[in-house]
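The same subunit A turns up in both complexes below, where it pairs with subunit B and then with subunit C.
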Partner chain A sequence: MKPVFLASALLATVLTGAAIAQSGAPIKLANVAELSGGGATVGTNWKNGIDLAIEEINSKGGVLGRKLEVTHADSQSNPGVARAQVQKALDAEPYVLLGPGYSGSVKVTAPLAAEAGIAQIMGGEAAELTQAGNKFLFRTSFGQQSSMPKVAKYINDELKAKSVAIVWVNNDFGKGGRDSISKEFAKYNIKVAADLSTEAGQADFAADVSKIKAAAPDAVFVYVNEEESARILKELKRQGITVPLVGETTLVGQKVVELAGDAANGARGHVGLTTDAPVELIKAFRDKFVKKYNYVPDHNGLKGWLAIYMIKATTEKMGKVDSKGFADALHGFTITAAKEPGILMDATFDANGDIDRQGFLVEIVEGKQVVKQVLPKLNN
Partner chain B sequence: MTAAKYLKIGFGIVVIAALIIVPMNFNRYGLFILSQWAVMTIAAMGLNLTLGYAGQVSLAQGAFVGIGAYTAAIMTSNGLPLIGALGVAIVLCFAIGWILGYPALRVQHHYLAFVTLAFSTLAFLVFRNEDWLTKGIYGISNIPRPELFGYPTRRPLPFYYVCLGSLGIVSLAVWWLIRSPWGRAFIALRENPVRALSLGIDTRRYTLMAFAIGSALGGVAGTLYAPLTQYVDPVPFHLSLSLDLLMMVIVGGSGFFFGPFLGAMIAVLLPEWLRFTQGYYLMLYAIAVILLLIYSPTGILGILDRFISERRTKAASAQRAVAKAKLEVTP
Partner chain C sequence: MSNLLDLLIAGLATGAIYAIVAVGFTLLWQTSQTINFAQGEFVMLPAFLMLAVMHAGAPFWLAILIGIALSLLLLGLGFKMLLVDPMLRHGVLPLAIATMALAIGIKEAAKQFWSAEASPFPSIIPGGDITIFGRVVALQSIGVLVLAILAVLGLTTLLNRTSIGHQMQAAAQNPTVARIIGVPVERMILLTFLINAFLVALASLLITPIYLAKFSNGEVLGQAAFIAAIVGGFNQVRGAIAGGLLIGVVDNLSAAYVSTQYRAAVPLVLLIAIILFRPQGMLGRPEERTV
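Up next, the complex of A and B:
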């Protein structure tokens, strides 16, 4: 009898010891992002946002008394590598998977996370990602299917444009936006006067702009990255195009204003997530980020930050660290900035993992971003 | 057979057995990386034929992997079997490789590199812009993994065996090829094309053949790549893959049969091992490759080759010395 008793006592001690260690052990997160290759800016901003948020949460005592811990893996902006790294991350059974940022890499990794039953909070913006019925995938920003209708509505209602030239960058981000907005234009009977695909990193837009000039549209919709936005704005000004220039997030960013100078004046656009938003919490975030990393983050930095606060709010709502229940708890959940300041703006997550949040229509006036209109959440 | 030969065969059997048995305990990540190694080795073997044996610089091997991958993706997601896609990919890549070989008849070395580089860019543009066929920049997702002899290979381990088995078959075929008159003709072509021509080797046909066979192997690798990642988009088949493959061949040892195996191991596995250094892993990897090529421009197998031939020279000179001594002793 005695040895059995001793053994069970020992076992009990070990088990409780393990249980205590469990509740105090850090919560493990895994991030797979584009830290090198074509998406390095995207992934690095995303990673820095994550690190900043974790640092802040841990300094305030963590989530449910446990610290957060994250591992970063580089996908080299390559879907094949992203798949390997996500596989590796999932083998280590993280609480939640973060990333990737490229839609293609999300597409190849989402089924793996779903199979493992682990929630994946990612940065991809392609419309189709959340429409495949994956119950474990969550966005950190508007998908193009929710931002483009707002832009098209503005072009139709406010600008009363009947024909529009579209300039887009030929990667999955640009093409997705171009396809979404073309669909919206068709609904309003707006004619696409010119459909111009450009390359990422393109330096000379003279030919594209002269095509726009020849097509003589009522407005130009520009959907390219920040650097290219600045270049095309300069060229549009040089060739004397005066019709309204409309964009989505990238066209009216602070970086564009800095690079394009005067040429940026008059550019307007819809902004879902920007560090220039007229929201005190976002300004505070931006200051913290600049203090730590010495540069102004783009929206990917915000997305990484938000992902961590989504995890914090959801976990606190559940009252426990439950990887399997996480996705269910986040579906239909509204995180308010009043209760969780880290979320910056009230956000609701629907059954598909799409995010609903305020948006802004802004215009560049004398080198400053001016909010013309605040677009409310779709469902209040 | 000599003892050395037995040793070689024994070593080979141990390696093959290890490749079959050890991964049984691997997690999904390890299996994925090993499968990737097998696939990249096949592509690099193709390039080794073109570059290492026939001496034709090609920067288009990545494009052929892409053509194979897209063939597999398009056909299998339309319900056709992978083995059919394999056939189509081989024929397609062989034909395109043959045509691409024509410039090689007129230009050499870096000029040929430019021609193949242009082809590589062209292939990327076709993958990206021909939406109706390739689904453009969005890529093709949910590529099914095949069923072999009634066994599904959806799980990582069975699919690893598919990749390993394919590597085995390709290795045997290439082994045979480089020992056949064709292989010797390829080497003659590399060493001295004028002399090869004067010896009656149809250099024109063999140049085209080297390109076509090398490209077809790129296609084989591609047909495995698509079901491995289960997603293809144009970006991975850009110039960087061709450069990677070129590096694998040169680092492993261009013109050595086992060069691509080692080269692919370095290109696929070394960055993974170095990942613990976080942000520095690609830098360290690059430095390691640069140092290796400074130390031995002929790659890893070049070092081995040098070592063996030095030993042979030493042994031979020792024998010579003995023989000479004997000669001098006997009157």
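Up next, the complex of A and C:
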């Protein structure tokens, strides 16, 4: 009897210890992002934002007493590689999947995360991503269906443009943006003077800008990724295009300003997130980021940071680390900056995983983003 | 019509840079049967060397000088002594494969040491416009074109009007006879490598303000210059110049009048046509080799 009792006691001790170890074990997150290739700016900012948020949360005791731990994988800005990396990441059963940032990569990886029942918090902005009924996908920024109406309204009301040249990148992100803005232009009877598709990673925009010059539009809408935005801004300046240049976050981001230099001055755009926003919490985030990484982040740095605070707030709302219940808990959830300062601005997530939050209209003036207008949340 | 003029000027400016790089291809081929598939990466690297010098606090002009000197050392002397000389005795193909490996090595090293992100790079040509025949043209386009033409003119003068140039040509055409008549063939070959290193550094200086400094720049440039060299004539400097200019213009015109998506395919179609109907290239001369 005695040996049996001792064995039972030993087993109980081991099991209890394992349970304690389990409850105190780090919460594992997996990030798959564009750490090289054309989207390196996107992925690097996103990753740095994630690391910064995790460092801050862990230094304050973690989430429900458990530290956060993240693994980073490089999608090489290639949807095929992204899919393989996401599959590998899901095999390790992370609590939540982070990334990718490119819409094309999100599109091919979202079904994998949904099948695994793991919530995926990503940076893609293509409208279609959250319209396919995927209940595990969440945005960190506005989708094109939210931002393009605001851009078109600005071009019509403020710039009074009657004809616009559209320059877009030939991928899921670009096509989605081009389709959304074209629909909006039609509502305002704005003529599309030139419809120019460009390639991801394109280096030479001389021919495209010559076509814009020939079309003589009242404004140019530019919807390409950051590095290409910088290149086309330089070429537009080189060829003397002086009409207003309007875009979205990818035209007026910090990296674009850094790369394009003077050529970025005057570019305007709608941004869901900007480190120049007149919001104290965002300014504090910017200072922390600059202190750690020695450069000013673009909106992708903010997105990465917010993704982690979305996880923290949702997990604390549930009161437990429940991977399967995470998506349900985040749908319809409003995270307020008063309760969770890390979320920076009040944000609501709808049943599709789309985000509602205030946005900004900015213009680049002397190499800096200047917020011209603050746009409130759609549903207060 | 005015649009066509803009496209031609922009195409010639880009094409002039392709020409400089393509000339390097032909020089190396003629003197040492080296097909340098790392030529694009050779153009990418000097810009990063110059940026590194600038980050250390040097002014742009000094960074240019040091960048060119480092290019001569690494991409001229180092390339010849550490890769070409040991590999060439194994034949042209192993050397070509070794340059492919070198291209990957340089690209990944640039990514590792600097960043996968693009970096801005200053231009040696001031911004602004000038008016030519009533058309406003970017000073940068004209500046790139003029500098590239000057470089090519300087090179052809060196090759055709100087004793060193004649010795280089002799070393390229028949090294055995050149040795007999007292031409220092090895030194001439080294000089060719140094000229190539200078040309890629110049091309880097001209193209990087437009393309931005990025580790992957060599892919586009190397391919365009290689096609230009074949289209123009791999064994003729003047062929490489013509090929470079043609590819620059064709690329721009096809992007404007054919399709942006297929722009990269048009020079390749041209390449296939040349291989099929005039394998020696537009201005090249037929070569026969014993096997």
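Throughout what follows, the second predicted complex is superposed on the first by the 298 of 380 C-alpha atoms of A that agree within 3 Å, B and C clash if a C-alpha of one lies under 4 Å from a C-alpha of the other, contacts with A are read in each partner's own complex, and residues count from 1 in each chain.
The rule we apply is simple: a residue touches a chain if its C-beta (ideal position, glycine included) is under 8 Å from a C-beta of that chain, and two chains touch if they have at least 3 such contacts.
From a predicted model like this one, the values you see are computed outputs, not experimental measurements.
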item	value
Which superposed partner A:227 touches (first subunit B, second subunit C, both, neither)	second
Touched partner set for A:210, first subunit B, second subunit C, both or neither	second
Touched partner set for A:161, first subunit B, second subunit C, both or neither	neither
Which superposed partner A:79 touches (first subunit B, second subunit C, both, neither)	first
Contacts of A:36 with subunit B and subunit C, given as first, second, both or neither	both
Subunit B versus subunit C as contact partner of A:170, first or second or both or neither	both
Partner chain in contact with A:126 - subunit B first, subunit C second, else both or neither	first
First, second, both or neither for A:243, with subunit B first and subunit C second	neither
Partner chain(s) touched by A:271 [first = subunit B, second = subunit C, both, neither]	neither
Subunit C-contacting residues of subunit A that also contact subunit B	35-36, 170
Touching residues on subunit A, where the partner in the complex is subunit B	35-36, 38, 72-74, 76-80, 83-85, 87-88, 90-91, 103-104, 107-108, 111, 126, 128, 170-172, 175-176
Touching residues (chain side subunit A, partner subunit C) in the complex	35-37, 40-41, 44, 170, 196-199, 201-204, 206-208, 210-211, 213-214, 227, 230-231, 234-235, 237-240, 255, 258-262
Subunit A-facing residues of subunit C, complex	2-3, 6-7, 10-11, 13-14, 111, 115-120, 127, 129, 136, 138, 140-141, 209-212, 214, 216-217, 220, 251-253, 255-256, 260-261, 263-264
For the subunit B and subunit A complex, residues of the former touching the latter	27-29, 32-33, 36, 128-129, 136-139, 141-142, 225, 228-231, 233, 235-236, 272, 275, 278-279, 281-282
